[in-house]
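Please find the structures below.
Shared between the two complexes below is subunit A, which has subunit B as its partner in the first and subunit C in the second.
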Partner chain A sequence: MGDSVPAPDKPTIPITVDFSGGLEMLFSNQKRHSLTIPATDSNEKPATIAFLIDHLCKNLMTDPRSEMFVLDKHIRPGILVLINDADWELEGEEAYELQPKDNILFVSTLHGG
Partner chain B sequence: MAPSLCAICKTERALIKRPKNHAKLCKTCFITIFEDEVHHTITSSKLFYPGEKVAIGASGGKDSTVLASVLKTLNERHNYGLDLVLLSIDEGIKGYRDDSLETVKRNAVQYEMPLKVVGYDELYGWTMDQVVETIGKKGNCTYCGVFRRQALDRGAKMLDIKHVVTGHNADDVAETILMNLLRGDLSRLSRSTSIVTGDSKSDVKRSKPLKYAYEKEIVLYAHHKKLDYFSTECIYSPEAFRGSARSLIKQLERVRPSAILDIVRSGEDMARLVPGESSSTCGGTCKEKKTTAPVAVEDDIGGCGSTNSRAPGGEMAAMEKQLRENEASEGLEVDITKTVSQRKDGATDNQKALPLRNANKNSKPITRQVLGNCKRCGYMSSQDICQACMLLEGLNKNRPQIQI
Partner chain C sequence: MAQYTDRALTEEEMERYSRQMIVPGMGKDAQLRLINSKVLIIGAGGLGCPAAQYIAGAGVGTIGIVDGDVVEISNLHRQVGHSTTRVGMMKVDSLITHLKGLNPLPSYIPHLTHLTPHNAADIISQYDLVLDCTDNPATRYLISDVCVLLEKPLVSAASVQASGQLTVLNCPPVPQGITSILGVTHPLPPCYRCCFPKPPPPSAMTTCGEAGIVGTVVGMMGIAQAGEAIKILAKGHHRADILNDPPHEPTFPPSLLIYSYDLEKGPSSATFRSVRMAGRRKTCFACGDNSPQNLTLEGIQKGTPNYDQFCSLPSAKVTLPMEDRISASTYKDILAGTQSEPEQKILQGILIDTREKEHFSFGAIPGAINVPFGKLLTAAAIAKREKQNGQEGREISKETYERLSSVLPREILDQEEDKKDKESEPPIFVVCRRGHDSQEAVEKLREMGLDRGGKRKIVDIIGGMKAWKEEIDPSFPFI
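Then we have the complex of A and B:
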């Protein structure tokens, strides 16, 4: 597993991240990942979904085709993001601040029907 | 952010924001309204009759799995009296269909429907692996797409079923409309908006009950109902979904979610302006009703990747080429009825000529095609020999001599 280990003195949050609809192919063909991510970004701001997406690209993605997941540093249109089963549009999208035990699901609508 | 409550039941937490109207709904209310809307599409278009035997084109993917699940639910809830069968196509790509066919087999058990799997080898004498062996990987999506379009109909015929439903959704329809708009092909555009294809001449009727359903909602429906579906991409076109009209649709949706249904409705409105073509419209709102115009199955959405085809990326170029070739032959084979004919108000020729770009040699006048049947296989076609038979002829000439 490509899960990163944050520096020991930094606070972290445990979350689970799920990939489906074909996106799991980019992440070691594994649907569910239990992760421990830094609680804050490099500017000491709380970790958000935007931070998580960047974190996943840098630390968890095993396939070079990152454009299947992000385009212009944002999630690729056609990929749905669910935060604890709720559409991320209801939760503030990229600005949503991650909470311990959150479940984030990325599901692609782009693969074969 | 404080969780919002469902706009319908006002008690449960909203989990879904609907693309078409931004309504925030809970899981239960979303599932109900999704099913109600498909029911509305089915009844307002009079898609089925009681006792009808209907084959569901099943790929194991999200769209056809949702279609099977919803049809089973509605058939029982509203007593459609349908005899539902799952029909799957095996293209003969080693390894590619294994998982999806396993999914379809599980679906058959879950939905208590009989399953029929038909292979390209049975239908055409060629598996896709053999096609690729013969012609290489370039352009094979054209073969796969053309073969697939007929495969469901031929498979249905084998089962003595006269109606095939497919999981084409609003995004698929919008994509096809957009591509035909970009090519300036109003005739094909208008046909692609129709919910039903096939007519009395063809043995098998085709329809798309999910025509007004957003792909996003289909995926959410599958997720919240925990449906068992499979996602894959065709191994012969791994780059398939890049730089396509599909991406454009998804970007538009991101900016303005209602864009997808707006494109579908615009397509229907434009279809009504094309003489000789009309399409059933409801758009989920029933602003008006029209009779359903059956159209050629050959012109239906085609492509690669699943029963629900895509026409993406590198494939678009191949498709362009194919379409250009078709157009070249269409001119010769199709009985053209000039549509710029006498207008009731007695408009002069000058006035009539204006809106059509007939001056341009490359643009065809908007015409109605008269459909016939393929002289080889009998499949409904606007040409003497259908696309599949043309491709097969080429393939059979090139069949390796050293076959045992």
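Then we have the complex of A and C:
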């Protein structure tokens, strides 16, 4: 978990990440996480949702069942990604570039009743 | 389709519906529309019971209810349309009994069956609007597909544990395959597949029976569902002709309501959150540009698409041959060392109990190790991935072992040094709640190579802990 805080000289973005519908189980059973993430990826490209998903798997996930969250490096079917309360499809999906104070919600779809 | 007919309300209707009719936005026309409407509630459970109560109370004239199950006592904490005296009765009959007491005026139509690809179109075509109150993804996709084809608005809700979700789909209905309308710039109403194109993998699905459910959470979602349905019908949105008379703004902007309730947190921590969804997808299998080639009523009835396969329902799960299974009483004899045929003696081995830890906390067979089914599937996924990365053979490599040991107890992975070369090793027994997961678990453990190429027996206990209670220990606290 030690590398979740980026090096001080690198620019960072403050964001909030929420988990719902049971996904919080994978992230220390905590529904809201205030994070500071690197503003760019290893290729100096702006941090996107794809980068965030990878970052979360590497730095925030406490449960080994990563396939409950990602399959083949993409978010698994049955999880909705919401960028500031809008379906990520409206915002460019994985390519969306994160902005300071963004709220990203991951929610797994429910089927019971 | 029942047409709106203007008439005076009867004295009983005037009195019964007076409090809702005087609410701003209602009035006589809205009430008459409700009385002339036909609503189908699919599922008479945790969502269907509260939804049906308010649909009936509000005076919807025709109410159909679909369910093939009977009332069980474990339903009653949330399925408030049933009663202790009606345990064992068909849920549909039980709920209608309750609804008639609440409001005798509507016509109640029982459908004493589960919704299937075969009967879905027949049943749904008799109604104006559908409430999806079911409990599994395969039926949810089926309902949505048929609603697209028959142009019925669908109010869909779901709930597990302490979370709930609600969305209004297909409203107002737009014919299949039309993804843009001249003069309409806002998104067209989505269907269930537009919002959720792919079902989650079966291992990530949780049912109320296995994962539990908070009564008030599912009740809240059912009531909200009824609220949306009443709004649509009272205002006639289900009949809106969006093709010829396009509205300037979406009547129901695509959205998803998420409700979270947290048992671990203090009061007032529950939250509602409404999020914006995308509209009808051009690429949607059911309603998109090319959808008429994918989806027809005839096709559905003949088994295309195959909903069980699409969602890999538990019913399509592994079935072990009988020689790979033992009964609860055989296991008891193995434990006690009292097997009837000593020459075929099965060694005492390791017992894995794949129930969730909450279930396990009420009691287990002595010595059982708890490995919840989800964890076991995770371990299987890890092993499979390692294998694809070039680790051939049935034996577990050291690297895989290290990764697996973060998920599985070492007792299962370890083999005792002195037993390594012996003919047979102590077997692994797997028990679950009712004998379904355990069969899949056996197969997964074998795939992981834990049967040591056949030297180690891996078997499951038929009927799970339920059978243990029935056959061996009636006082066992089965849950």
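For the reader, a short list of remarks on this structure follows.
Here, the second predicted complex is superposed on the first by the 106 of 113 C-alpha atoms of A that agree within 3 Å, B and C clash if a C-alpha of one lies under 4 Å from a C-alpha of the other, contacts with A are read in each partner's own complex, and residues count from 1 in each chain.
Criterion: contacts are C-beta pairs under 8 Å (C-beta built on N, C-alpha and C of every residue); 3 or more make two chains touch, one makes a residue touch a chain.
None of the values given here were measured: they were computed from a predicted structure.
Once subunit A is used to superpose the two complexes, subunit B occupies space that clashes with subunit C.
Residue contacts after overlaying the shared chain place A:11 against neither subunit B nor subunit C. Touch criterion met: A:80 reaches subunit B and subunit C at once. Look at A:92: by the touch rule set out above, it reaches subunit B but stays clear of subunit C.
By the document's definition of touching, of the two partners only subunit C reaches A:31; subunit B does not. Using the contact criterion defined above for the overlaid structures, shared-chain residue A:20 touches subunit B and also reaches subunit C. Of the two partner chains placed around the shared chain by superposition, neither subunit B nor subunit C is touched by A:100.
Among 220-228, 382-390, 400-408 or 418-426, the region of subunit C with C-alpha atoms clashing against subunit B is 220-228. Once the two complexes are overlaid on chain A, the subunit A residues touched by subunit B in the first and by subunit C in the second are 20-22, 67-68, 76-78, 80, 82, 85-87, 89-90, 105, 107-113. Residue ranges on subunit A touching subunit C, taken from their complex, read 20-22, 31, 64-65, 67-68, 71, 76-80, 82, 85-87, 89-90, 105, 107-113.
Those residues of subunit A whose C-beta lies close enough to touch subunit B in the complex are 20-22, 67-68, 76-78, 80, 82, 85-87, 89-92, 96, 105, 107-113. Residues of subunit B that touch subunit A in their complex: 1, 3-4, 13-17, 24, 27, 59, 61-64, 167, 169, 171-172, 215-216, 218-220, 223-224, 231-234, 241-242, 246-247, 250-251, 253-254, 305-308, 310. By the touch rule above, subunit C contacts subunit A in their complex via residues 43, 45-48, 132-137, 140, 157-161, 163-165, 195-201, 203-208, 211, 213, 218, 221-222, 256, 258, 260, 262, 273-278, 374-375, 378, 381-382, 406-407.
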